[in-house]
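These are the structures, in structure tokens.
Heads up, the next two complexes both have subunit A, just with different partners, subunit B and then subunit C.
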Partner chain A sequence: MPPRIGSSSSLPKKLLNCLDTTLPSSVPSSVPLRRPVTAALTASQQCLFSTSAPREATKPQRLFREWLKTSGKKFQHHDGNGPLYIGRLTDEGEENRTMPFPSNPAYVSEPVLSDAARETIWECVMVNKMPLKAVSAQFSVDIRRIAAVLRMKEIEKRMEAANMQMAIPYANTVEKMLPRVNLTKNERPFEPINDIHVHSYTMQQLFVPVSESREFTRSDAAKAFGGHILPPDSKMRIPELITLEKDIAKGVEPRVAERKFIAATAKHEAEFARRLKIESIKEEQNKIRVNSSRNVEFRFEKVNVDDVGRDGRARSGVGWRYGVPFNDRRRGAVKIPTSVE
Partner chain B sequence: MRQRRLLRFHSLKRGRVRQTWNKHNLFNLLNYRNQLNTGRTLFQQKWAAKSVTRAYHGEHISEGKWERMFSRRLLSAVDMAPAYMARHDGSEQAAGRGSGKILSEDQERFVPRNGRGRDAKKMTPYMQMTFAPQERRLDVAIHRAMFASSARQARQFVIHGAVTVNGKKMKYPGYMLNPGDLFQVNPDRVMTATGLPKPPTLAARQKALKVKAQERAEQAAAAAEAAADETPASPSPKPSSPPKAKEPAEPISPEEAKKQEIAELRKIQDKTKWLISSSKGQLSAKHKIAIRSLQKQVKKAMSAAGTQKGDKSVDTVESLSTLLVTLQLTPVERKAEEAAAAAAAAETESYPDPVTEEEQDILRRLIEEEKTNPWDPSKPYMTPWRPRPFMAPFAFIPRYLEVNHKICAAVYLRHPVARPGKTEVPTPFNYATSQLAFNWYLRRS
Partner chain C sequence: MVVKIRLARFGRTNQPFYNIVVAHARTARNSRPLEVIGTYDPIPKRDTYDESGKLHKDIKLDVTRAQYWVGVGAQPTDTVWRLLSMVGILQPKYPKQQPDGAPVKK
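Now for the complex of A and B:
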């Protein structure tokens, strides 16, 4: 243990003398004035309990603070004039302002549908009763996106009618930050509507010997890749568009061809609705509804007891079976649902 | 403690790019330089690529979980133009010596050889799709839809029960969205995540005010109780309370008094019911609890009045009705009343100077803004709502989502795909780095 400084020791006194700002010249030079002590002097004005000097900023910290004051300042507050990304200089020397990630030119911030555009789509379908496929073709918006827009617009309108809370200032701000389209006539097509998924079977190189005189078409190519591969023509989301283009190529007047296209899509939609209705009626016929006295409706469905399979664990089986334990509590069993209806 | 961890997470020295909207992260993203692979073994290159990409993609997902999620099948799509497909059956691509005839530039412009537009010749960046399976996760999708400022915050929203999928509460951040799934986040959470935070002093002041008001209310209640105890026989109803209890001017029979009392209580009960139904979604939890307890008290009082006879019950009616009045005054309602009064005052007042049209426009806009973005101290974020700083450089919506920001809902349309020259997975890394990371994860299978 190092010797302690007793009360009679002169050292503290000397230290106290040192701390005195009006230092007399007669102080013995045995107590050197070292840096920490002087640092404590300045720091003691702000922080009475600490005698150590504040840590200096590291180089990255300094650079960061400098950046905040100079070129980083423009990112702090958005002025409401369109998107503001980091961007990058392209090979031609122009600044690409659609890239949020300077190292990745393959990802660009693509425009979204503005609120006005979504309202237009909703009106076309719900007010003007246009078929979904026709709306999709008219605005060049994916049919799944059209369905999503309609679904959320309906929720929005319901919430508005019920006077529920909505994030309107947030939505207005975000819309100003994003590139957006209004679906007017002069804009470029919004997105590909007839794109097809690339099947992994078609990603390999094949050598198929065919005679020179043979016309080797798309459907022949599909067959060559595998028996179950469909040709692109039957994978199209809106095959009616091909008919429309064929008519135009044959010399039919565009307006007439378009009318034919709309009629064809409307017919397809009606057929789909009819099939859905038939299905729901069939399902209803399989059910027996019984109203009880307690405002409760019981629905009985016919099930097959053999659906559970030999081990009683088949997915389509109904009910709990005696002697067959659940394994949903077993260690490592995943409880996260795979779908929500 | 929290601050320390955040600083380490966004360390300027290590310079990791993360999935957040933090300003330090923006600085790191700006200064990110592609990995240099010279003088490194292939293993070192892959290791470095894996660690730098995983710091961004699902840093909160454990490595084992991600390895199970990883898929070597990378999805892509090609655009087929109907105009091309109507005019060609594909045999022209095998014409000539087997790989199609050489077209002049003009011809090619008129009929593109494969009908796929101008990006057709670009390479499809498959390797940038390495982390595509993660985009299916609910928490990542919430962050991508701009409902949360980081993937971790999105995860917290899910765990805290603020997110629904197809209208049902989903508490698993690892839920893999299926095409067509609609997810919705509580607007208050979104506004808190994306808005300016309340300054701590203001929040503290409001909390102190709340405590003081509560104390005062308690004191008043105690005083009222004491007064009621002192004069149980002769209650003095306040004239200000709306459901006025009638002063017994002449002695009435106890039966009649009981009837009157029950009628009064029923009125109060009806009013509480109306209060709950009319202000759905506006009441705070505390408020709701108070109203419910009031309802219970009324019920009790009614049953008591029905069985026993006594004069004490008159003042129970009184106290319950005053309690109801205080409960009715939510901050929203008070504000609405004030606004109505102000509007009435403005109508009666005559303008001394004519207001120019410009000024009128500004005024109208301000009034409109006040309507949609009001000052409301009960909110957990700063009101009127303003976006948080450094938000714009991170504002983008990938194409596989369709978002409605007004209702804070989004639909997962389909799985992300690569197209010629484009990827739908937002990743800050270059092709080579992603490729190395992809190759790292290939080792498992």
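Now for the complex of A and C:
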């Protein structure tokens, strides 16, 4: 639809001007020929393509423009140094800069590991050959995050070596917009590393008579709550830290205690690797590999038919089970894989 | 009645998966068999971290039970015969032929 000429348009005025020049002098100029133009428009309000007047700004719009000119001026351009959140005033009147959305105080932007931090972690493990647990304890980064960083860094290095194209400017820009941690010495701990799950059985009050002469430890407490409850020492991810703290409390020099801690974690890691290797060897021994003519390998895994149990319904039995529903497409069941191979 | 060693198709549309079963010949394909002695996944797969692109098929088999059933006269179907001959329970039913008709020597 073509733009319409409204009553406040400038077109009648222009026409009037044209008329004015051609009018004979006998006509008094004070007498208006047409309807008078109600309001003259400023140059900024006029559009080149449209003759209709713009809508008047609403109050929130006007306030927003005012805010952009005053205190909101710094939010117009990102300076490339950390997050630029509007934030929210805390109860003490300070501005909380970790909240991107002022109306949603529940949403807090958590810091991420910077590229330098991730590189440090990779170097500690792959170059200096430190055990994962020791690196996790040193930087206060969860051991699962350490493992994830290593996997991603390995992929990155492989892509670099293969001269593959990477979105580095994009990654840098995103990183600049987020609060990040460099894992330097003066920073706060990145995250808690030794949190344990609190079993609901241990939340109840329990009275256990114990003789005064007996030392009642955390493992005794776990036993008191029930035979299947684990003591915190065996639940936490880095139980070696307990020995470290105990040693320091006993008066062992911190450097010596730390060295002992690193040795203990390295031993645990070696033991874990040995166990994995034995498992894989056992698995391989249980297999027969046959190469077919179609360049496809047939892998026969030896099983035992008796695993199905007396009623033939045991889950560990071989093959699809008969007479039992297979709930792989049931509504509400989580079908997302829960492990990385 | 003849006892056969045959495949019973499970899995989904376009996603076959077989139980290797010992069953009476005249029973339905997916009815409860005498015994399930293994599984056969016919879709070739790659190893997760192997970049050579080599394919493999996963089969589970109770070799001793298979030997027993063959020994007491169970008749494997052609497909099962091929699988059992790979682990040396049976001689290949259709040995590879050279162009002159002589069997291929391994």
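We adopt the following convention: the second predicted complex is superposed on the first by the 186 of 341 C-alpha atoms of A that agree within 3 Å, B and C clash if a C-alpha of one lies under 4 Å from a C-alpha of the other, contacts with A are read in each partner's own complex, and residues count from 1 in each chain.
Everything that follows uses one rule, which is that a residue touches a chain if its C-beta (ideal position, glycine included) is under 8 Å from a C-beta of that chain, and two chains touch if they have at least 3 such contacts.
Remember, it's a predicted structure, so these values are computed and weren't measured experimentally.
Student: First (subunit B), second (subunit C), both or neither: which does A:Ser103 touch?
Tutor: So A:Ser103 only meets subunit B here.
Student: Of the partners subunit B and subunit C, which touch A:Thr338 in the superposed model: first, second, both, neither?
Tutor: Once the two structures are laid over each other on A, A:Thr338 reaches subunit B alone.
Student: Kindly classify A:Phe49 by the partners it touches after superposition: subunit B alone (first), subunit C alone (second), both, or neither?
Tutor: Neither: A:Phe49 stays clear of subunit B and subunit C.
Student: Of the partners subunit B and subunit C, which touch A:Thr58 in the superposed model: first, second, both, neither?
Tutor: A:Thr58 contacts subunit B only, not subunit C.
Student: Could you tell me if A:Phe207 is touching subunit B, subunit C, both of them or neither one (first, second, both, neither)?
Tutor: Neither partner.
Student: Between subunit B (first) and subunit C (second), which does A:Pro232 come into contact with in this model arrangement: first, second, both, or neither?
Tutor: Touch status of A:Pro232: first partner only.
Student: Identify which of subunit B and subunit C touches the larger number of residues of subunit A.
Tutor: B
Student: What is the shared patch of subunit A, the residues that subunit B and subunit C both contact?
Tutor: 341.
Student: Which of the residues in subunit A come into contact with subunit C in the complex?
Tutor: My answer: residues 288, 290, 292-293, 295-305, 308, 317-320, 322-323, 341.
Student: Sort out for me which residues of subunit A touch subunit B in the complex.
Tutor: Touch residues, subunit A against subunit B: 58, 60-61, 63-64, 67-68, 72, 75-78, 83-86, 100-104, 106-110, 112-113, 115, 118, 142, 144-145, 148-149, 151-153, 155-156, 159, 162, 164-171, 173-175, 177-178, 191-192, 194-198, 200, 210, 215-218, 221, 232-233, 236, 238, 241-246, 248-249, 335-341.
Student: Over in the complex, which subunit C residues touch subunit A? Could you list them?
Tutor: The contact residues of subunit C facing subunit A are 10, 17, 19-21, 32-33, 35-39, 44, 48, 54-63, 65, 83, 86-87, 96.
Student: Please name which positions on subunit B make contact with subunit A in the complex.
Tutor: For this pair, the touching residues of subunit B are 12-13, 15, 23-24, 26-27, 29-30, 32, 34, 73, 75-83, 85-87, 89-91, 94, 125, 128, 146, 165-166, 168, 170, 172, 174-176, 178-182, 184, 187-188, 190-191, 194-195, 280-281, 372-373, 384-385, 387, 389-399, 402-409, 411, 413-414, 417, 419, 421-431.
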